[in-house]
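Listed below are the structures to be examined.
Next come two complexes, and both contain chain A; in the first it sits with chain B, in the second with chain C.
On to the complex of A and B.
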(Lines of atoms letter the chains of each structure in order from A and count residues from 1; the text may use other names and numbers.)
(Lines give C-alpha, C1' and ligand atoms only; values in the text may rest on other atoms or scores of the structure.)
Protein backbone atom coordinates (compact mmCIF):
# COMPACT_ATOMS: atom_id res chain seq x y z
CA UNK A 1 0.00 0.00 0.00
CA UNK A 2 1.51 3.26 -1.12
CA UNK A 3 -0.38 5.51 1.32
CA UNK A 4 -0.74 3.47 4.52
CA UNK A 5 -2.26 6.27 6.59
CA UNK A 6 -5.22 6.45 4.26
CA UNK A 7 -6.06 2.76 4.49
CA UNK A 8 -5.58 2.78 8.27
CA UNK A 9 -7.94 5.73 8.67
CA UNK A 10 -10.33 4.04 6.27
CA UNK A 11 -10.58 1.04 8.57
CA UNK A 12 -11.34 3.40 11.46
CA UNK A 13 -14.07 5.06 9.43
CA UNK A 14 -15.63 1.68 8.75
CA UNK A 15 -15.61 0.83 12.46
CA UNK A 16 -17.28 4.08 13.48
CA UNK A 17 -19.80 3.83 10.68
CA UNK A 18 -20.69 0.33 11.87
CA UNK A 19 -21.08 1.75 15.37
CA UNK A 20 -23.46 4.40 14.06
CA UNK A 21 -25.39 1.66 12.25
CA UNK A 22 -25.70 -0.26 15.49
CA UNK A 23 -26.86 2.83 17.39
CA UNK A 24 -29.46 3.67 14.78
CA UNK A 25 -30.65 0.07 14.90
CA UNK A 26 -30.98 0.29 18.68
CA UNK A 27 -32.85 3.60 18.51
CA UNK A 28 -35.14 2.34 15.77
CA UNK A 29 -36.13 -0.64 17.91
CA UNK A 30 -36.27 1.15 21.24
CA UNK A 31 -40.05 0.85 21.55
CA UNK A 32 -40.50 -2.67 20.23
CA UNK A 33 -42.93 -4.46 22.50
CA UNK A 34 -42.71 -8.23 22.70
CA UNK A 35 -44.77 -10.83 24.55
CA UNK A 36 -43.19 -11.99 27.79
CA UNK A 37 -43.05 -15.53 26.37
CA UNK A 38 -40.41 -14.43 23.87
CA UNK A 39 -37.19 -12.41 23.93
CA UNK A 40 -37.17 -8.64 23.65
CA UNK A 41 -35.11 -6.81 21.03
CA UNK A 42 -31.46 -7.21 21.97
CA UNK A 43 -29.31 -4.09 21.81
CA UNK A 44 -26.40 -4.28 19.37
CA UNK A 45 -22.90 -3.64 20.68
CA UNK A 46 -20.03 -3.29 18.23
CA UNK A 47 -16.78 -5.00 19.20
CA UNK A 48 -13.78 -3.27 17.64
CA UNK A 49 -10.25 -4.61 17.75
CA UNK A 50 -6.92 -3.81 16.11
CA UNK A 51 -5.95 -5.55 12.90
CA UNK A 52 -3.38 -8.25 13.66
CA UNK A 53 -1.39 -7.90 16.85
CA UNK A 54 -0.77 -4.16 16.55
CA UNK A 55 2.81 -4.34 15.26
CA UNK A 56 1.76 -3.98 11.63
CA UNK A 57 2.04 -0.19 11.59
CA UNK A 58 5.73 -0.18 12.41
CA UNK A 59 6.37 -2.89 9.85
CA UNK A 60 4.87 -0.69 7.14
CA UNK A 61 1.94 -3.00 6.48
CA UNK A 62 -1.67 -1.90 6.55
CA UNK A 63 -2.83 -1.55 10.12
CA UNK A 64 -6.01 -0.22 11.62
CA UNK A 65 -9.15 -1.30 13.40
CA UNK A 66 -11.74 -3.84 12.45
CA UNK A 67 -15.16 -4.86 13.68
CA UNK A 68 -14.46 -8.26 15.17
CA UNK A 69 -18.06 -8.94 16.09
CA UNK A 70 -21.43 -7.74 17.32
CA UNK A 71 -22.51 -8.73 20.80
CA UNK A 72 -26.15 -8.67 21.78
CA UNK A 73 -27.75 -7.27 24.91
CA UNK A 74 -30.00 -8.96 27.43
CA UNK A 75 -32.96 -10.72 25.73
CA UNK A 76 -34.92 -10.40 28.98
CA UNK A 77 -35.18 -6.65 28.48
CA UNK A 78 -37.49 -5.02 30.99
CA UNK A 79 -41.03 -6.08 31.75
CA UNK A 80 -43.54 -3.28 31.71
CA UNK A 81 -47.15 -3.35 32.82
CA UNK A 82 -49.26 -2.47 29.79
CA UNK A 83 -52.57 -4.31 30.02
CA UNK A 84 -54.04 -2.58 26.96
CA UNK A 85 -51.30 -3.94 24.73
CA UNK A 86 -52.59 -6.85 22.64
CA UNK A 87 -49.27 -8.63 23.30
CA UNK A 88 -49.71 -8.45 27.08
CA UNK A 89 -49.75 -11.72 29.02
CA UNK A 90 -52.27 -12.76 31.69
CA UNK A 91 -50.66 -10.37 34.19
CA UNK A 92 -50.78 -7.47 31.72
CA UNK A 93 -47.00 -7.45 31.21
CA UNK A 94 -45.06 -6.95 27.97
CA UNK A 95 -41.35 -7.02 27.30
CA UNK A 96 -39.52 -3.92 26.12
CA UNK A 97 -35.87 -3.84 25.04
CA UNK A 98 -33.37 -2.71 27.65
CA UNK A 99 -32.16 0.24 25.56
CA UNK A 100 -31.67 3.69 27.08
CA UNK A 101 -32.18 6.55 24.66
CA UNK A 102 -29.80 8.88 26.50
CA UNK A 103 -27.10 6.23 26.41
CA UNK A 104 -27.69 5.65 22.70
CA UNK A 105 -27.52 9.37 21.92
CA UNK A 106 -24.22 9.61 23.80
CA UNK A 107 -22.88 6.64 21.87
CA UNK A 108 -24.00 8.25 18.63
CA UNK A 109 -22.09 11.43 19.47
CA UNK A 110 -19.00 9.38 20.30
CA UNK A 111 -19.29 7.47 17.02
CA UNK A 112 -19.75 10.70 15.09
CA UNK A 113 -16.75 12.33 16.74
CA UNK A 114 -14.65 9.25 16.06
CA UNK A 115 -15.69 9.32 12.42
CA UNK A 116 -14.79 13.00 12.22
CA UNK A 117 -11.41 12.36 13.83
CA UNK A 118 -10.59 9.73 11.21
CA UNK A 119 -11.70 12.11 8.46
CA UNK A 120 -9.31 14.72 9.87
CA UNK A 121 -6.51 12.18 9.79
CA UNK A 122 -7.23 11.54 6.11
CA UNK A 123 -7.32 15.26 5.41
CA UNK A 124 -4.00 15.90 7.12
CA UNK A 125 -2.36 12.84 5.56
CA UNK A 126 -3.48 13.93 2.11
CA UNK A 127 -2.09 17.41 2.71
CA UNK A 128 1.19 15.96 3.96
CA UNK A 129 1.56 13.66 0.97
CA UNK A 130 0.80 16.52 -1.40
CA UNK A 131 3.34 18.74 0.32
CA UNK A 132 5.89 15.97 0.03
CA UNK A 133 5.13 15.74 -3.69
CA UNK A 134 5.79 19.46 -4.06
CA UNK A 135 9.39 19.06 -2.85
CA UNK A 136 11.69 20.46 -5.47
CA UNK A 137 8.87 21.69 -7.64
CA UNK B 1 4.30 2.34 -25.20
CA UNK B 2 5.96 5.65 -24.52
CA UNK B 3 6.70 4.75 -20.91
CA UNK B 4 8.90 1.91 -22.07
CA UNK B 5 10.72 4.28 -24.39
CA UNK B 6 11.41 6.68 -21.53
CA UNK B 7 12.49 3.79 -19.37
CA UNK B 8 14.81 2.38 -22.00
CA UNK B 9 16.50 5.71 -22.53
CA UNK B 10 16.78 6.28 -18.79
CA UNK B 11 18.15 2.86 -17.94
CA UNK B 12 21.66 4.08 -18.60
CA UNK B 13 21.18 6.71 -15.91
CA UNK B 14 21.78 4.20 -13.15
CA UNK B 15 22.45 6.99 -10.70
CA UNK B 16 18.83 8.10 -10.88
CA UNK B 17 17.27 5.71 -8.37
CA UNK B 18 20.01 6.31 -5.86
CA UNK B 19 18.48 9.46 -4.47
CA UNK B 20 19.44 8.38 -0.90
CA UNK B 21 22.75 10.09 -1.59
CA UNK B 22 20.94 13.43 -1.55
CA UNK B 23 20.97 13.94 2.25
CA UNK B 24 24.76 14.03 2.33
CA UNK B 25 24.72 17.29 0.42
CA UNK B 26 22.33 18.79 2.93
CA UNK B 27 24.52 18.13 5.92
CA UNK B 28 26.95 20.95 5.38
CA UNK B 29 29.32 21.60 8.24
CA UNK B 30 28.88 18.27 9.92
CA UNK B 31 32.32 16.77 10.17
CA UNK B 32 31.40 13.68 12.11
CA UNK B 33 30.94 11.56 9.01
CA UNK B 34 27.80 9.60 8.30
CA UNK B 35 28.15 6.42 10.29
CA UNK B 36 24.47 6.15 11.27
CA UNK B 37 22.78 6.79 7.97
CA UNK B 38 22.25 3.59 5.99
CA UNK B 39 21.97 4.36 2.31
CA UNK B 40 23.59 7.74 2.70
CA UNK B 41 26.92 6.60 4.08
CA UNK B 42 28.60 5.30 0.98
CA UNK B 43 27.29 6.57 -2.36
CA UNK B 44 29.35 4.06 -4.28
CA UNK B 45 27.90 1.15 -2.35
CA UNK B 46 24.38 2.44 -2.99
CA UNK B 47 25.12 2.81 -6.69
CA UNK B 48 26.57 -0.68 -6.78
CA UNK B 49 23.46 -2.11 -5.19
CA UNK B 50 21.27 -0.23 -7.62
CA UNK B 51 23.09 -1.51 -10.67
CA UNK B 52 23.62 -4.96 -9.19
CA UNK B 53 20.23 -6.41 -8.29
CA UNK B 54 17.75 -3.53 -8.35
CA UNK B 55 15.44 -3.35 -11.37
CA UNK B 56 16.08 -0.68 -13.96
CA UNK B 57 14.36 2.64 -13.81
CA UNK B 58 12.01 1.68 -16.63
CA UNK B 59 10.92 -1.38 -14.68
CA UNK B 60 10.36 0.67 -11.52
CA UNK B 61 8.31 3.21 -13.45
CA UNK B 62 6.37 0.40 -15.08
CA UNK B 63 5.49 -1.01 -11.66
CA UNK B 64 4.44 2.45 -10.49
CA UNK B 65 2.16 2.79 -13.50
CA UNK B 66 0.72 -0.64 -12.78
CA UNK B 67 -0.03 0.45 -9.22
CA UNK B 68 -1.60 3.64 -10.50
CA UNK B 69 -3.74 1.66 -12.90
CA UNK B 70 -4.92 -0.62 -10.08
CA UNK B 71 -5.79 2.38 -7.88
CA UNK B 72 -7.75 4.01 -10.67
CA UNK B 73 -9.54 0.78 -11.52
CA UNK B 74 -10.51 0.47 -7.85
CA UNK B 75 -11.82 4.05 -7.80
CA UNK B 76 -13.74 3.42 -11.03
CA UNK B 77 -15.29 0.24 -9.62
CA UNK B 78 -16.42 2.09 -6.49
CA UNK B 79 -17.76 4.98 -8.59
CA UNK B 80 -19.89 2.52 -10.54
CA UNK B 81 -21.17 0.96 -7.33
CA UNK B 82 -21.98 4.45 -6.03
CA UNK B 83 -23.96 5.20 -9.18
CA UNK B 84 -25.83 1.91 -8.99
CA UNK B 85 -26.55 2.23 -5.30
CA UNK B 86 -24.35 -0.68 -4.23
CA UNK B 87 -21.89 1.47 -2.31
CA UNK B 88 -22.11 0.60 1.40
CA UNK B 89 -19.43 2.98 2.64
CA UNK B 90 -19.32 6.49 1.19
CA UNK B 91 -15.80 7.02 2.52
CA UNK B 92 -14.55 3.97 0.61
CA UNK B 93 -15.06 5.75 -2.69
CA UNK B 94 -13.70 9.08 -1.48
CA UNK B 95 -10.54 7.42 -0.16
CA UNK B 96 -10.08 5.37 -3.32
CA UNK B 97 -10.43 8.53 -5.40
CA UNK B 98 -7.98 10.38 -3.16
CA UNK B 99 -5.51 7.51 -3.40
CA UNK B 100 -5.82 7.40 -7.17
CA UNK B 101 -5.26 11.14 -7.37
CA UNK B 102 -2.21 11.04 -5.08
CA UNK B 103 -0.87 8.06 -7.00
CA UNK B 104 -1.24 9.98 -10.26
CA UNK B 105 0.51 13.01 -8.82
CA UNK B 106 3.37 10.86 -7.57
CA UNK B 107 3.81 9.03 -10.86
CA UNK B 108 3.71 12.27 -12.83
CA UNK B 109 6.23 13.85 -10.46
CA UNK B 110 8.62 10.92 -10.82
CA UNK B 111 8.22 10.91 -14.59
CA UNK B 112 8.81 14.67 -14.80
CA UNK B 113 11.94 14.40 -12.69
CA UNK B 114 13.23 11.59 -14.86
CA UNK B 115 12.57 13.48 -18.07
CA UNK B 116 14.22 16.57 -16.56
CA UNK B 117 17.31 14.56 -15.69
CA UNK B 118 17.37 12.97 -19.15
CA UNK B 119 17.07 16.38 -20.82
CA UNK B 120 19.83 17.80 -18.68
CA UNK B 121 22.11 14.96 -19.69
CA UNK B 122 21.15 15.44 -23.36
CA UNK B 123 21.90 19.16 -23.17
CA UNK B 124 25.35 18.56 -21.76
CA UNK B 125 27.99 20.07 -23.88
CA UNK B 126 30.62 17.44 -24.60
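On to the complex of A and C.
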Protein backbone atom coordinates (compact mmCIF):
# COMPACT_ATOMS: atom_id res chain seq x y z
CA UNK A 1 0.00 0.00 0.00
CA UNK A 2 1.56 3.27 -1.10
CA UNK A 3 -0.22 5.69 1.26
CA UNK A 4 -1.49 3.64 4.22
CA UNK A 5 -2.48 6.63 6.36
CA UNK A 6 -5.00 7.70 3.73
CA UNK A 7 -6.63 4.24 3.70
CA UNK A 8 -6.77 4.24 7.48
CA UNK A 9 -8.49 7.63 7.60
CA UNK A 10 -10.80 6.53 4.80
CA UNK A 11 -11.94 3.56 6.90
CA UNK A 12 -12.79 6.01 9.68
CA UNK A 13 -14.74 8.20 7.25
CA UNK A 14 -16.72 5.20 6.09
CA UNK A 15 -17.57 4.11 9.67
CA UNK A 16 -18.79 7.57 10.62
CA UNK A 17 -20.65 7.99 7.31
CA UNK A 18 -22.46 4.69 7.93
CA UNK A 19 -23.28 5.85 11.44
CA UNK A 20 -24.74 9.12 10.10
CA UNK A 21 -26.77 7.13 7.56
CA UNK A 22 -28.16 4.97 10.36
CA UNK A 23 -29.04 8.01 12.45
CA UNK A 24 -30.80 9.75 9.58
CA UNK A 25 -32.72 6.55 8.86
CA UNK A 26 -33.78 6.35 12.51
CA UNK A 27 -34.90 9.98 12.58
CA UNK A 28 -36.78 9.64 9.29
CA UNK A 29 -38.73 6.72 10.77
CA UNK A 30 -39.23 8.18 14.22
CA UNK A 31 -43.00 8.58 13.76
CA UNK A 32 -43.75 5.38 11.82
CA UNK A 33 -46.93 3.85 13.15
CA UNK A 34 -47.36 0.07 12.90
CA UNK A 35 -50.21 -2.26 13.84
CA UNK A 36 -49.79 -3.93 17.24
CA UNK A 37 -49.85 -7.33 15.46
CA UNK A 38 -46.45 -6.58 13.92
CA UNK A 39 -43.10 -5.13 15.02
CA UNK A 40 -42.45 -1.39 15.21
CA UNK A 41 -39.64 0.17 13.18
CA UNK A 42 -36.39 -0.96 14.82
CA UNK A 43 -33.68 1.64 15.29
CA UNK A 44 -30.36 0.83 13.62
CA UNK A 45 -27.23 0.91 15.77
CA UNK A 46 -23.86 0.69 14.03
CA UNK A 47 -21.25 -1.57 15.63
CA UNK A 48 -17.67 -0.49 14.91
CA UNK A 49 -14.58 -2.57 15.50
CA UNK A 50 -10.87 -2.08 14.82
CA UNK A 51 -9.27 -3.60 11.71
CA UNK A 52 -6.72 -6.32 12.47
CA UNK A 53 -4.94 -6.89 15.76
CA UNK A 54 -3.44 -3.44 16.33
CA UNK A 55 -0.04 -4.04 14.72
CA UNK A 56 -0.98 -3.06 11.16
CA UNK A 57 -0.43 0.69 11.53
CA UNK A 58 3.06 0.39 12.95
CA UNK A 59 3.99 -2.23 10.35
CA UNK A 60 3.09 0.18 7.54
CA UNK A 61 -0.18 -1.42 6.51
CA UNK A 62 -3.60 0.22 6.36
CA UNK A 63 -5.49 -0.10 9.62
CA UNK A 64 -8.47 1.78 11.00
CA UNK A 65 -12.03 0.83 11.82
CA UNK A 66 -14.78 -1.09 10.13
CA UNK A 67 -18.51 -1.54 10.58
CA UNK A 68 -18.73 -5.09 11.89
CA UNK A 69 -22.48 -5.21 12.18
CA UNK A 70 -25.78 -3.51 12.85
CA UNK A 71 -27.83 -4.17 15.94
CA UNK A 72 -31.53 -3.43 15.88
CA UNK A 73 -33.61 -1.72 18.52
CA UNK A 74 -36.56 -3.17 20.39
CA UNK A 75 -39.30 -4.36 17.97
CA UNK A 76 -41.88 -3.88 20.72
CA UNK A 77 -41.44 -0.11 20.58
CA UNK A 78 -44.12 1.60 22.61
CA UNK A 79 -47.85 1.16 22.29
CA UNK A 80 -49.84 4.35 22.01
CA UNK A 81 -53.59 4.86 22.12
CA UNK A 82 -54.59 6.38 18.78
CA UNK A 83 -58.09 5.10 17.87
CA UNK A 84 -58.36 7.35 14.79
CA UNK A 85 -55.31 5.72 13.18
CA UNK A 86 -56.38 3.25 10.45
CA UNK A 87 -53.74 0.82 11.79
CA UNK A 88 -55.22 0.80 15.30
CA UNK A 89 -56.29 -2.56 16.76
CA UNK A 90 -59.61 -3.33 18.50
CA UNK A 91 -58.43 -1.47 21.63
CA UNK A 92 -57.39 1.59 19.60
CA UNK A 93 -53.65 0.95 20.07
CA UNK A 94 -50.82 1.35 17.53
CA UNK A 95 -47.09 0.69 17.84
CA UNK A 96 -44.52 3.48 17.54
CA UNK A 97 -40.76 2.89 17.36
CA UNK A 98 -38.73 3.37 20.53
CA UNK A 99 -36.46 6.01 18.98
CA UNK A 100 -35.40 8.94 21.16
CA UNK A 101 -34.74 12.11 19.16
CA UNK A 102 -32.36 13.55 21.77
CA UNK A 103 -30.32 10.37 21.73
CA UNK A 104 -30.25 10.32 17.92
CA UNK A 105 -29.15 13.96 17.68
CA UNK A 106 -26.34 13.30 20.17
CA UNK A 107 -25.22 10.34 18.07
CA UNK A 108 -25.41 12.52 14.96
CA UNK A 109 -23.04 15.04 16.54
CA UNK A 110 -20.60 12.31 17.62
CA UNK A 111 -20.61 10.82 14.13
CA UNK A 112 -20.14 14.23 12.52
CA UNK A 113 -17.20 15.14 14.79
CA UNK A 114 -15.61 11.77 14.12
CA UNK A 115 -16.02 12.31 10.38
CA UNK A 116 -14.39 15.76 10.62
CA UNK A 117 -11.49 14.39 12.66
CA UNK A 118 -10.75 11.79 9.99
CA UNK A 119 -10.96 14.43 7.27
CA UNK A 120 -8.32 16.49 9.08
CA UNK A 121 -6.10 13.40 9.27
CA UNK A 122 -6.37 13.08 5.49
CA UNK A 123 -5.34 16.73 5.11
CA UNK A 124 -2.26 16.33 7.31
CA UNK A 125 -1.29 13.01 5.78
CA UNK A 126 -1.50 14.52 2.30
CA UNK A 127 0.87 17.33 3.39
CA UNK A 128 3.35 14.85 4.81
CA UNK A 129 3.25 12.61 1.74
CA UNK A 130 3.74 15.61 -0.57
CA UNK A 131 6.75 16.61 1.52
CA UNK A 132 8.14 13.10 1.21
CA UNK A 133 7.73 13.27 -2.58
CA UNK A 134 9.76 16.48 -2.62
CA UNK A 135 12.86 14.83 -1.13
CA UNK A 136 15.80 15.25 -3.49
CA UNK A 137 14.09 17.70 -5.84
CA UNK B 1 26.38 6.82 -0.22
CA UNK B 2 24.18 7.72 2.72
CA UNK B 3 26.36 8.54 5.73
CA UNK B 4 25.50 8.65 9.43
CA UNK B 5 23.72 12.00 9.09
CA UNK B 6 21.60 10.72 6.23
CA UNK B 7 20.63 7.54 8.00
CA UNK B 8 19.83 9.46 11.20
CA UNK B 9 17.43 11.63 9.19
CA UNK B 10 16.00 8.55 7.48
CA UNK B 11 15.46 6.80 10.82
CA UNK B 12 13.65 9.87 12.13
CA UNK B 13 11.45 9.98 9.00
CA UNK B 14 10.62 6.28 9.45
CA UNK B 15 9.68 6.78 13.08
CA UNK B 16 7.56 9.85 12.35
CA UNK B 17 5.76 8.09 9.47
CA UNK B 18 4.93 5.18 11.79
CA UNK B 19 3.64 7.63 14.39
CA UNK B 20 1.44 9.28 11.76
CA UNK B 21 -0.06 5.92 10.75
CA UNK B 22 -0.77 4.96 14.34
CA UNK B 23 -2.45 8.32 15.01
CA UNK B 24 -4.63 7.83 11.91
CA UNK B 25 -5.59 4.41 13.30
CA UNK B 26 -6.45 5.98 16.66
CA UNK B 27 -8.61 8.68 15.06
CA UNK B 28 -10.43 6.16 12.85
CA UNK B 29 -11.28 4.25 16.04
CA UNK B 30 -12.24 7.27 18.13
CA UNK B 31 -15.70 5.77 18.83
CA UNK B 32 -14.89 2.05 18.55
CA UNK B 33 -15.92 0.28 21.78
CA UNK B 34 -13.00 -1.26 23.67
CA UNK B 35 -10.32 0.31 21.44
CA UNK B 36 -7.08 1.25 23.22
CA UNK B 37 -5.01 3.95 21.52
CA UNK B 38 -1.46 3.10 20.44
CA UNK B 39 1.59 5.35 20.68
CA UNK B 40 4.90 5.24 18.82
CA UNK B 41 8.27 5.89 20.40
CA UNK B 42 11.61 5.91 18.62
CA UNK B 43 13.45 9.01 19.90
CA UNK B 44 15.26 7.28 22.78
CA UNK B 45 16.30 4.44 20.53
CA UNK B 46 17.46 6.91 17.85
CA UNK B 47 19.54 8.81 20.40
CA UNK B 48 21.19 5.59 21.55
CA UNK B 49 21.71 4.46 17.95
CA UNK B 50 23.40 7.76 17.03
CA UNK B 51 25.62 7.46 20.10
CA UNK B 52 26.59 3.96 18.90
CA UNK B 53 27.37 5.34 15.45
CA UNK B 54 24.72 3.29 13.63
CA UNK B 55 21.48 5.32 13.33
CA UNK B 56 19.92 2.70 11.04
CA UNK B 57 19.65 0.36 14.04
CA UNK B 58 16.91 2.59 15.48
CA UNK B 59 13.94 0.57 16.73
CA UNK B 60 10.43 1.98 16.26
CA UNK B 61 8.12 0.57 18.91
CA UNK B 62 4.36 0.86 19.25
CA UNK B 63 2.84 0.42 22.68
CA UNK B 64 -0.67 0.67 24.06
CA UNK B 65 -1.51 3.86 25.95
CA UNK B 66 -2.50 3.65 29.60
CA UNK B 67 -4.92 6.59 29.63
CA UNK B 68 -8.17 5.94 31.50
CA UNK B 69 -10.96 4.44 29.39
CA UNK B 70 -14.45 5.88 29.10
CA UNK B 71 -17.75 4.06 29.43
CA UNK B 72 -17.39 1.97 26.27
CA UNK B 73 -13.82 0.91 27.04
CA UNK B 74 -12.26 3.33 24.55
CA UNK B 75 -9.40 5.62 25.58
CA UNK B 76 -8.73 7.72 22.45
CA UNK B 77 -8.45 11.42 23.31
CA UNK B 78 -9.25 13.20 20.06
CA UNK B 79 -7.67 16.53 21.05
CA UNK B 80 -4.41 14.87 22.06
CA UNK B 81 -4.40 12.94 18.80
CA UNK B 82 -4.93 16.02 16.63
CA UNK B 83 -2.23 18.01 18.47
CA UNK B 84 0.12 15.05 18.22
CA UNK B 85 -0.65 14.73 14.50
CA UNK B 86 0.18 18.40 13.90
CA UNK B 87 3.39 18.00 15.89
CA UNK B 88 4.34 14.88 13.93
CA UNK B 89 3.58 16.60 10.64
CA UNK B 90 5.80 19.58 11.46
CA UNK B 91 8.62 17.33 12.66
CA UNK B 92 8.31 15.33 9.45
CA UNK B 93 8.57 18.52 7.37
CA UNK B 94 11.64 19.55 9.39
CA UNK B 95 13.33 16.23 8.68
CA UNK B 96 12.42 16.44 4.98
CA UNK B 97 14.05 19.90 4.87
CA UNK B 98 17.13 18.45 6.60
CA UNK B 99 17.27 15.59 4.10
CA UNK B 100 17.06 18.05 1.20
CA UNK B 101 19.94 20.07 2.70
CA UNK B 102 21.92 16.86 2.96
CA UNK B 103 21.30 16.04 -0.70
CA UNK B 104 22.12 19.66 -1.61
CA UNK B 105 25.56 19.28 -0.02
CA UNK B 106 26.00 16.00 -1.87
CA UNK B 107 25.13 17.68 -5.19
CA UNK B 108 27.66 20.44 -4.50
CA UNK B 109 30.32 17.85 -3.73
CA UNK B 110 29.54 15.93 -6.92
CA UNK B 111 30.35 19.05 -8.88
CA UNK B 112 27.15 20.95 -9.38
CA UNK B 113 29.08 24.23 -9.61
CA UNK B 114 26.89 25.31 -12.48
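Keep this in mind: the second predicted complex is superposed on the first by the 134 of 137 C-alpha atoms of A that agree within 3 Å, B and C clash if a C-alpha of one lies under 4 Å from a C-alpha of the other, contacts with A are read in each partner's own complex, and residues count from 1 in each chain.
Just so we're on the same page, contacts are C-beta pairs under 8 Å (C-beta built on N, C-alpha and C of every residue); 3 or more make two chains touch, one makes a residue touch a chain.
These numbers were taken from a predicted model, which means no experiment stands behind them.
A.B. asks: Look at A:17 in the shared chain and tell me whether it touches chain B only, chain C only, both, or neither; answer first, second, both or neither.
C.D. replies: first
A.B. asks: In the superposed arrangement, does A:50 touch chain B (first), chain C (second), both or neither?
C.D. replies: second
A.B. asks: Is A:63 touching the first partner chain B, the second partner chain C, both, or neither of them?
C.D. replies: After superposition on chain A, A:63 lies in contact with chain C alone.
A.B. asks: So which one touches more of the residues on chain A, chain B or chain C?
C.D. replies: Answer, by number of touched residues of chain A: C.
A.B. asks: Tell me the contact category for A:37 with respect to chain B and chain C: first, second, both or neither.
C.D. replies: Neither partner.
A.B. asks: Looking at the overlay, does A:126 come into contact with chain B only (first), chain C only (second), both, or neither?
C.D. replies: After superposition on chain A, A:126 lies in contact with chain B alone.
A.B. asks: Taking the superposition as given, does A:2 touch the first partner, chain B, the second, chain C, both, or neither?
C.D. replies: In the superposition, A:2 touches chain B alone.
A.B. asks: Touching A:91, do we find chain B (first), chain C (second), both, or neither?
C.D. replies: The answer is neither, since A:91 touches no partner chain.
A.B. asks: Output the chain A positions appearing in both contact lists, the one against chain B and the one against chain C.
C.D. replies: 9, 136-137
A.B. asks: So in the complex, the part of chain C that touches chain A is made up of which residues?
C.D. replies: Answer in residue numbers: 13, 17-18, 20-25, 27-33, 35-36, 38, 40, 60-62, 64, 78, 81-82, 85-86, 88-89, 92-93, 96, 99-100, 103.
A.B. asks: Given the complex with chain C, which residues does chain A contribute to the contact?
C.D. replies: Residues 4-5, 8-9, 11-12, 15-16, 19, 47-50, 54-58, 60, 63-65, 110-111, 113-114, 117-118, 120-121, 124-125, 127-128, 131-132, 134-137.
A.B. asks: Which stretch or stretches of chain B touch chain A in the complex?
C.D. replies: 67, 71, 89, 91-92, 95, 98-99, 102-103, 105-106, 109, 113
A.B. asks: Give every residue of chain A touching chain B within the complex, in rising order.
C.D. replies: Residues in contact with chain B: 2-3, 6-7, 9-10, 13-14, 17, 119, 122, 126, 129-130, 133, 136-137.
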